[in-house]
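You will see subunit A twice below: alongside subunit B first, and alongside subunit C after that.
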Partner chain A sequence: MRSRPVLFTLAILGYAIMIVPILFVILSSFTAGKTLSFPPQGFSLQWFEKALAYEPFIESLGSSLLLAIVTTIIALGLGIPVALAIARSSLRGKSTIQSFFVSPLIVPELVIGLALYQQLMITLRLDSFIALLLGHVIILLPYAVRVTGATLALSDLSIEDAARGLGATPFYTFRTVTLPLMRPGIISAALLSFITSFNNVPLSLLLQSREFRTFPVTMLDYVQQSYDPMIAAMSTLIMAGTVVIAIIAERTVGFAKIFGGINK
Partner chain B sequence: MSTATNTTTSAATGTAAAEFVGVSQVYGSATAVDNIDLQIEPGKLTTLLGPSGCGKTTSLRMLAGYLQPTSGQIFINGIDSTTLPPEKRNLGMVFQSYALFPHMTVADNVGYGLKLRKVAAKELQQRVAESLDLVGLGHLASRKPKALSGGQQQRVALARAIAIRPSLLLLDEPLSNLDARLRIQMREEIRRIQGETGLTVVLVTHDQDEALEMSDRMVVMRAGRIMQTGAPAEVFTAPANRFVADFLGYENFLTFTGSGLVTVRPEHLTVTPAAASGTPLNAHISVGASSGFVLPATVTSVAYRGTDEIVTVNLAESFGVDAAGAAATTTLKVSMHRGSHDAHLAPLRPGDSVDVSANAGDIVTLPTE
Partner chain C sequence: MIRRPKLLLLPAALVLVAGFLIPSLMMLFSPPGTAVTEVFTRLGEMLTDPYDLTIIVRTLLFGLIVTAICILVGFPIAFLLARSQSRFAGIWLALAIFPLLLSTVVRTFGWLVILGSNGAIGQLIVALGLADRGPQLLYTPLAVILGMTQLFLPLAIISCYSAVAQVDSNLDDAARGLGASKTRTLWSIVIPMSLPGIVVAATLVFAGSTTAYTTPYLLGGTGQRVLATQLFTYASVTVNWAAASATALIMTVLVFLVSGLSNLLASRKGSIE
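Entry: the complex of A and B
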C-alpha cells in the first residue's frame, strides 16, 4: 500500500464516494427536525417509530421479502439442474443452452416487464404476485445458472469419479460429493438472487397492483409525495438488516468464497 | 511383423486378475485403443508405459469402468465386467489429481468407501487407521486435504484406495504432480505397499525410468496398440522394435549392408581419437553387427551434463553404413562418462576425427520396418 500512493489514494476515494452518501442518510434519519436535511437537527428516534408504524412500508416490506424468498428458491431449483447439465453432460449444443439461460441479462427488464404485463396480466388475467414471481425468476435464472455453474466448472471431475470407484451410486455421489462441492456457489447464487429480487424496480413498476406492492416501489412513491426523514429511517433499517445478513454470510461461508465463484 | 506383442490371445482363463480381450475405444474417427489383448497377472505390478495419446490412460479408465469399450471384453477375476459401472467393480483408483474430497477430513476420505460397504463403526475406524498407518499418515487423520502437501495428498489417495481392499489397485500417473525427489521416494513407497499388501497393481506412466524401476511387468504402448510386454530387464535389453528402443533411450540406429536395423545405447558407444586406434580404417567395416564395430567419424558437438558428456558425431560416409535405410541415421550420440581418471585425456572438440566403437553384446538387432 505505502509503496503505491496513487493506488492507495484512489482506493480511499472510491470507498468514500460509496460510503459517504450512505452515512448522510443514516445520520439524517436520527434527526429531531421535520425535514430531510444535513446536518440533522438534534437527535431522536421519532422517525424510526413513524416508519415502523407506517402500514404501506411494513406491508410492502413483507411482500418484497416473500417475493424474494420464493423466487430465489424457484430460481435455484431450476438453475442448479441446468448448471449441472451444462457442466457435466456431453450434450451437443451445450453452449447454446448456456446462452439461452444467460440471455435475460441482455434484454432490458422493462421490456421483460412489459411483455409479461401484456401476456400474463392482461391476456391471462393472472394476479400480480404470480406475474412478478415469473418475471423475477426469469431475471434471476442467469445468476443461478452462472454462479452455481462456476463452482462446478472449477471443481475436479475426477472427484466424482473417485466416489463412484469407491462404490457410490450416481445419486449417492451427487448427495455426498457434488452438492457439498457446489455449496459456496449455491449460497452466493442465493444471496445474489435474493438481493436482485428485493431491489428490483422495473418489473415491479409494471406488474404490481394495489393488492401487491413491493418495497422499493413503495419507497419511490413515498419520496415523490413527501420528503421527510421517515424515508431515511426506513433506509437505515433496511441497511441494518443487510449488514446482519452479510455478517452471517461472512461468518458461515466467507465472502471470498461466496463472491470468488463469480469472477472465475 | 509391424507390431510385436508377446501376449497370448486367449479367453479369460481365471488366472489373470484382469484381462482385456480384443478391446477397442473409438472416438468418432480417432481410435484411442486399437484391439488390445492384455492379461494382468495377480499380485504383480504392471505398468502401462507410453507417450501421451498412446491409449494407456484410456485403457485404465476402461478397466475402472469410467469408459465403455467400443468393442471387446474386459474380465476382472475371470468375470466379464465389460458393462459393470465403476461402483460395482471394487477397484481402488488413484487419480493423477488425487481427487480427494475437499470437504471431508483425511479420515472421512479414507472411510468413504468403507461406509458404503456398511462396515461397522468400530471396524471402520480400525481399517481407516490401518490404511493411514500403511502410508505413514496416521497422525493427520483429522486434517482437511487442503492442509496437506502434494505428497501427503497422494498418500491419502493411496490409503483411500487401499482401505476398500480392492481386487486391483489402479494408479493413473500417480507421481507426475510431485517434485523429482519426492517422486523417487514414492516409487519405493508404492513398491513397499504393494509388497506388504500383495495387491495387484496397474500403474499408468509416461516415464520409462519409473516403469523400469517399479514394474514386475511392463506393457509399452503406442497409438492404441501394445508394442511389447515383458519384465523390465527383458524390454530394456531386447526392445522389440524401433519405437520401444527409441522410447527407452536407444538413440542410435544403424543399418549395415547385409545386417538389418541395429541400435546401440549412447552409454554403450565409445569414442577414441582416430590416431589412437592404430588400425587401418577399412578393417573395421566388415565386422557388422554380430561382432561389434569401429567406425570413423567426426565430432560435431560436445554437451556437458555433469556425470557424463554427450558427444555427437557424424559418421564418415561410404563405410558400409547403409544411409539409404530410412530408419537409420548417420549421426550418433555417445554418452561418455568422464571420471577423474580420464582427466589426462584431451577434451574432445567439434571437428576432431574419432573412431566410434561398440561391442557385439551391446548391439541390438531390430526388425526392419
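Entry: the complex of A and C
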C-alpha cells in the first residue's frame, strides 16, 4: 500500500473524515464534565444514566422500533410477491414493472414526505401514524423488491420444476424449495429495511405528531436546543446496538453483501 | 412458474399508486387551498429572484464539491481495498460501510463536537495560544461540506469498489509487465474500465447531497440555506404550499436530470465497448 503514496494519503484522509467524528462522539459521551468540551474532563457514566432516564428518548426509541418492525414486515409482505411475479412468471415488460416498484428510490425522501404530509395529513386529515406507516412502507418497498428479486434471479429454476415434476403441490414447492432459496434475500432486505426506517429523518420529521415522534427526530430536536453530552451518550448506545445488527448481518448473509451489495 | 402473476403485483401496486403516485402528483398540481397556477408562478419567481437563486446555486455547488471530494477520496480507498492482498482488507471495507448504518443525526453530531465553539479544533487553537477564542467553524460552507462528505463517502466507496473489483487484476499485471508505470496503469487501465461504476458513484453522491436535510440544517444553520432546508421551512414553518411544491419540483427535476444523464453516459459507454 505504501508503494502508492498519493492514493494512500487520500485514503487515510477519507477514513479520517468518516471515522474521526464518530470517535469524538464516543469519547465525549464518557465525560465527567457538564458540557461538550474537548478533551473530555474525567471519566464517568453520568450521561448514560441521564440519557436512559430521559423520557422522550426512551419513548421515541420505542416508537421507532415499533415503526421499523411493522413497516419492514409490511414492505416484505408486499415486495416478496412482486419479486416472485417478476422472477417466476411469463409476464411481459418485466423491467418496466421492476422500475415502477423501485421508483420511490429516485424521488427525494423530503419530496415524498411533503406529498404525504400535504395530501394525507392536511387535505385528508389522516392520522400521523398512518401517514408515517405508509411513507416508510413506500421507501422500503424498493429494497424488498430489488434485494429479494436479486436472490431469486440467481437461484436455479430447475430445482422448483424438479419438485413439481416429482409430484409436489405448488404450495409445498414454494414452502420447501422457493422460500429457502429466497432466505438470504429476505434476511438482507429485512435488515436493510429495518435500518432505513429506524434512521429515517426527512419523512419522520414532516409526518411527526405530538403523540408519535421517532427517535432520530427527537434527537434532532434535542441537538438543536442544547448540545450536551447526553446526546453523545445516546448516540454511543445506539452505535452499540448497530454493531449487534452488523454482527447478525455478518453471521447470516455477510455484512458487505447486505449493506454494500458487494458479492465477495 | 406462477400462473396469475398480476394478482401478486396488485397489493404493492395499489399501495404505491395510493401512497406515492397520487399524493406526489396532487402535491404538484393541487396543494391545499392553492391553485395550480400559483405553484408555477412561484416556480417562475424562484428561478429569477436573486435570493432563491442563491439557494439553488449554493445547493448545486455543495453537491458538486461533495461529489468531487467523494470520488477523489473514495476511488483510492476502493482501489486499494479491491487490490489489497492483506487479510485486514475485509475489516477496512466493513469499517467504510459501517457508518451507513448509523443515523445522519449521530454522524453529523460528531462534527458539532469537533467544530463547535467549545469543540476540539477551537480548544486546540486556544491551547496553542493562536487565539483567545476558538474560531466560528460551524454554520460555514466548510462545515456543511465536511459533514456531507462524511455522509456520502461510504456510498462512493461501495460503488467504486464493485467497479474496480470487476476489472481483472491480470490486466494491471499485463500493463506493468509491458513496462507501464503504476500511475500509467491506473490511468489507462483501471480508471477507464471502472468508469461506469465511478459515474454511478458520482450520481448517487450528487443526488444525495443536493437533497440532504439533516446535515445542512445542523451544520449550516440559517446562514447556509439549501433547497431541502428551505422546503421544510415552507412546509411547516411559513406554511407556503405553493413555494413548498415549487421547491419540491426543482429538487425532483434536478435528481431526475442527473440520473437521466448518468444512464445516458452508461449506455453510451456500453455501445462503444
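FYI, the second predicted complex is superposed on the first by the 234 of 264 C-alpha atoms of A that agree within 3 Å, B and C clash if a C-alpha of one lies under 4 Å from a C-alpha of the other, contacts with A are read in each partner's own complex, and residues count from 1 in each chain.
FYI, contacts are C-beta pairs under 8 Å (C-beta built on N, C-alpha and C of every residue); 3 or more make two chains touch, one makes a residue touch a chain.
If you're wondering where the values come from, they're calculated on a predicted model, not measured in any experiment.
Engineer: For the overlay on subunit A, clash or fit between subunit B and subunit C?
Structural biologist: After superposition on subunit A, subunit B vs subunit C: fit, no clash.
Engineer: With the two structures laid over each other on chain A, which partner does A:Val177 touch: subunit B (first), subunit C (second), both, or neither?
Structural biologist: Only subunit B; A:Val177 stays clear of subunit C.
Engineer: Once the structures are superposed on A, label A:Ser209 by its partner contacts, choosing first (subunit B), second (subunit C), both or neither.
Structural biologist: Touch partners of A:Ser209: none, neither subunit B nor subunit C.
Engineer: Now for A:Ile159: first (subunit B), second (subunit C), both, or neither, which partner does it touch?
Structural biologist: first
Engineer: Looking at subunit A, which partner touches more of its residues: subunit C or subunit B?
Structural biologist: Touched residues of subunit A are more numerous for C.
Engineer: Which partner does A:Thr169 contact after superposing on A: first (subunit B), second (subunit C), both, neither?
Structural biologist: After superposition on chain A, A:Thr169 lies in contact with subunit B alone.
Engineer: Touch test for A:Thr242: subunit B only (first), subunit C only (second), both, or neither?
Structural biologist: Once the two structures are laid over each other on A, A:Thr242 reaches subunit C alone.
Engineer: State whether A:Thr252 touches subunit B only (first), subunit C only (second), both chains, or neither.
Structural biologist: neither
Engineer: What is the contact status of A:Ser99 with respect to subunit B (first) and subunit C (second): first, second, both, or neither?
Structural biologist: Touch partners of A:Ser99: none, neither subunit B nor subunit C.
Engineer: Least CA distance subunit B-subunit C after superposition, rounded to whole Å?
Structural biologist: The answer for the closest subunit B-subunit C C-alpha pair is 9 Å.
Engineer: Sort out for me which residues of subunit A touch subunit B in the complex.
Structural biologist: 156, 158-159, 161-169, 172, 176-177, 180-181, 183
Engineer: Going by the contact rule at the top, pick out the subunit A residues touching subunit C in the complex.
Structural biologist: 1, 3-4, 6-8, 10-11, 13-15, 17-25, 28, 35-39, 77-79, 81-82, 84-86, 88-91, 97, 100-101, 103-104, 106-112, 114-120, 122-123, 134-135, 137-138, 141, 145, 195, 198-199, 201-202, 205-206, 215-216, 219-220, 223-224, 227, 231-232, 235, 238-239, 242, 245-246, 250, 255-256, 259-262, 264
Engineer: Please output the residues of subunit C touching subunit A within their complex, sorted ascending.
Structural biologist: Subunit C reaches subunit A through residues 1-3, 5-6, 8-9, 11-13, 15-16, 19-20, 22-24, 26-27, 31-32, 72-74, 76-77, 79-80, 84, 86, 90, 92-107, 109-114, 116, 118-120, 123, 146, 149-150, 153-154, 157-158, 161-162, 165, 182, 207, 211, 213-214, 217-218, 228, 231-232, 235-236, 241, 244-245, 248, 251-252, 255-256, 259.
Engineer: If we count contacts the way the header does, which residues on subunit B are in touch with subunit A in the complex?
Structural biologist: By the definition above, subunit B touches subunit A via 64-66, 85-87, 89-93, 95-97, 99-103, 112-113, 116-117, 157, 160-161, 164.
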